[in-house]
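Labels for the chains are A, B and C, by order of writing; each one numbers its residues from 1.
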Amino acid sequence: MVASSSLTEFLAAASLVDHHVHGAFTTELSRAEFEVALNEGSPDPVPAWMTQFDSQLGFAIRRWCAPLLDLPAHASAAEYWRRRTELGTAEVTARFLRAAGVSDWVLDTGYAAGTVLDASGMAAASGGHVHPVVRLESLAEGLAAEGVRDYVDEFASRLSGRFVAAKSILAYRCGFDLDLGRPTDSEVAEAARRWTGEAGDRPRLTDPVLIRHGLHAAAEAGLPLQIHTGFGDRDLDLHRSNPLLLLDFLRDPRVSRVPVLLLHCYPYHREAGYLAQAFPNVHFDVGLAVNHLGVRSAELIAESFELAPFAKQLYSSDAWGPPELHFLGATLWRRAIGLIFGRWVADGDWSPADATRVAGMLGSGNARRVYRLPTG
Amino acid sequence: MVASSSLTEFLAAASLVDHHVHGAFTTELSRAEFEVALNEGSPDPVPAWMTQFDSQLGFAIRRWCAPLLDLPAHASAAEYWRRRTELGTAEVTARFLRAAGVSDWVLDTGYAAGTVLDASGMAAASGGHVHPVVRLESLAEGLAAEGVRDYVDEFASRLSGRFVAAKSILAYRCGFDLDLGRPTDSEVAEAARRWTGEAGDRPRLTDPVLIRHGLHAAAEAGLPLQIHTGFGDRDLDLHRSNPLLLLDFLRDPRVSRVPVLLLHCYPYHREAGYLAQAFPNVHFDVGLAVNHLGVRSAELIAESFELAPFAKQLYSSDAWGPPELHFLGATLWRRAIGLIFGRWVADGDWSPADATRVAGMLGSGNARRVYRLPTG
Amino acid sequence: MVASSSLTEFLAAASLVDHHVHGAFTTELSRAEFEVALNEGSPDPVPAWMTQFDSQLGFAIRRWCAPLLDLPAHASAAEYWRRRTELGTAEVTARFLRAAGVSDWVLDTGYAAGTVLDASGMAAASGGHVHPVVRLESLAEGLAAEGVRDYVDEFASRLSGRFVAAKSILAYRCGFDLDLGRPTDSEVAEAARRWTGEAGDRPRLTDPVLIRHGLHAAAEAGLPLQIHTGFGDRDLDLHRSNPLLLLDFLRDPRVSRVPVLLLHCYPYHREAGYLAQAFPNVHFDVGLAVNHLGVRSAELIAESFELAPFAKQLYSSDAWGPPELHFLGATLWRRAIGLIFGRWVADGDWSPADATRVAGMLGSGNARRVYRLPTG
């Protein structure tokens, strides 16, 4: 009992590092827009015969987020929406971000900038520290839009200094089932020249040569490399985003020099855990799915504690848009760790001290080591 | 406690729609034939050194079906078989079909007609409503056997009117990892001419052109499209029946016009749940596996409540042959929902009212909407 | 309660057959070497910023193995290592092997002979019976090193008589996603001539023709065929070791003549269970992962009880090296069966007698039948 309650107290008090997250919305939303934002897989309007609130994520919002808006747990979707609108975006955002108990946000600002808070906005609204991540495909697209002449050098120079990590969304652009070796500089220069010439105002990077270049340039810059794997928008072919398809890339000695962070991973989290055992530099999380699975996130998180050493797992929400997601990810993670580790301690399988120590590694320690963050 | 008992009462009283099912056997079976019918994967005789009763399905039959034959739960296989034989097929069938608590059977009559009850036989034996589903490959084979001249028109005309849905078993005929785009009418006419010329008395459709035609013809007819995915007889390549391989097909705007129902899905039910989130028209079930997993079906059903919105999941038994399967599917489903939702309610994760409401959606409401059935 | 306690007593007293296992180390190890031996996936040194003890396997060793070294459960890694060193390899090995409660070891001696106990060494240290398994690729490499002239005949003659089974590690050498049909004798002779000419002192078999030959030669010799599937050293491509890719091989009537044992299987154990239902001769285990998952092994083992008939599942540790693994596999397996079957019995889903009977089949009966071992 002592064990279990000490773990619960530890979790309640622990400041987390959310090692992969995006900004919260800056704009007022309609309920229809909010519901679309609760669906990771589809950009379509929610059909009239259903509501996206009728999902594990929707139920978890009504269970855990409603009380922060002064409503009872399980308030109806209509009540929730009424109260949320009444409070307004700024107040709602501040409440959720501050209640998340996150001291450090490792922030990808490369998607839909303008509609969500930037680094300073997130710091101000949350009271936490923000550590920026460069999105490699967005960086490339910026260079193309500028029409830079010396793509290779310019890419390298923009990677330096300001970022704690680089992120790639090659899952959305070409999948993993192709050669991910390093292209030569001249191949890159040639591909960049071709692309820059054709790309127009809003270039979209899909050329595998330039995508591969981004990955290897980040590794050469010594940046921890975050890679989206597993589920996301239906634009991606989920089966071609299985992290096992990165095996040859991970075997590349040039890649083994930097930490690789496999993001999300669902439903390939067991495969990701295998890679985290098999490669000293590979880490993973089950963010994104934690929110979407709601009450089922405890089982998902339990499944993530299989092959991977405990030094190789991190917490993330992968929240984007509704600040409910920034708060809920942390809340569901604390709930899951309390349930899972609590039961192992109660059954004598783990010691109380180990449970608390591992919770600390997962919640912040591992991320502080990987991203070289100051100790919280 | 009130919550939990109200859910239990609701489940016990709820009439289900079994949204994908086949007929019960019309013939008396030997025990050896019965045991083969308990093995979905293999048509071979059960080896002499084992009994198929020693499986989760066999144990679940002894646990849940024995009492309906006036035996104690866990009666031995020998006792079970003796009593079943004594009662005879008609009595056994009536007992199981009526005890299933199914008001509506959405019935695929396209497989092994003659050895199992047809639509009117199922209605008579069960006291329920029967809604026929056309099996696209059987329809094509019928046209070939007839030697129709105008295959495309005739196919379309036979789809109209009488059916609540169309079903495809392309998993058994060509797998999913090929182009599933719509062939042109002239390609179809040419392929039909070639096949009809060669097919003989008992044509078997394996030509991908004609299989694709069937899928798209059903969509054009506005019929909900049921697709066998995941496990089945070892004739199919299970890894080529992963519903993720349907991504390009599902992205086709002509397909998005009709509900798509991914059937069975095991062990790819998490992938199916993803598709049900990512596409507004995609639904799924975990039928077939519910029976075969017996006591483990609760964990399977729990895993099915992850990414998919609750409006996108349906109940089915996929029973074929032994009427135990029609009853057991419904029984195991009620047991699982009671355990899973009951625990969520007891822990405060779901509200009692939500649990009952979602159980109603899953058990009948969603199917009534998809197939436009009259309200029960 | 009676049921549960009778199961617990049965499990505690049951002598197991470990149907796939390797020898225990003969040499004294450094802690660094020991930690590498706790990582199945990677041959690299453990990074300085972590310890492999911080894993489910490491925690399970501290929980279950420490008491056998006269330490309290959950003794620290440092304490564990100090005491283990103090006792010395011979004493530690004897304690763990004898405490495993294994009466029969089905032993693969084909890997790293010299650093681990051979058949007589295992028998002496454990007090159990040892039944040798021939590793097909090692047999081929031995023939190549000898430079035999008549490879096909010599291969066949060395298979006869002394072995209870043959094992293949084709997962490490060529993967499963290629034609695994039987090559002709002349193709084999030609490939053997070429390879023997080139191979040098320490030949390594990677030629698919000769690997396929080994598989079919074993089947022709009537030997049960053990096949490594699923996770292992990162040398293998995990996704190309999915046992579903063996479907065409398993459909080969020449293969269906002998028992096929799919080893390990994680994370494809559900797929393996499907194959064990679909083919009368296919069996499987979840060894290796049981140790690596520690406290989570109960959930893994529960997942293994889905599609496969109970006559088709076996116990193995797949231990290699640290004798902790020989003991821990058996300990975690007994724990899991007690938890899983115990709960099913307590809930009335299984009868007490069935639970005990199936535990006996899994723990020894099925293996005695497959390998024709004398009754224990």
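Methods note: a residue touches a chain if its C-beta (ideal position, glycine included) is under 8 Å from a C-beta of that chain, and two chains touch if they have at least 3 such contacts.
Chain identities (UniProt): A, B, C = Amidohydrolase.
What you see is a predicted model; the values in this text were computed from it and never measured.
Student: If chain A and chain C share one sequence, what is the angle of the rotation that overlays their CA atoms, in steps of 5 degrees?
Tutor: An angle of 120 degrees brings one copy onto the other.
Student: Look at both sides of the chain A and chain B contact and report whether the same residue positions are involved, with over half shared, or different ones.
Tutor: different
Student: If you average the CA atoms of chain A and of chain B, how many Å lie between those two points?
Tutor: 37
Student: Could you tell me which residues belong to chain A and also touch two or more other chains?
Tutor: none
Student: Can you check the complex and tell me which residues of chain C touch chain A?
Tutor: It comes out as residues 39-42, 44-47, 49-50, 52, 54-56, 59-60, 63, 73-74, 231, 233-234, 237-239, 266-267, 289, 292-296, 299-300.
Student: Any idea which chain C residues touch chain B in the complex?
Tutor: Residues in contact with chain B: 242, 244-245, 247, 251, 270-271, 274-275, 277-280, 302-303, 305-312, 344, 348-351, 354, 358, 361, 369.
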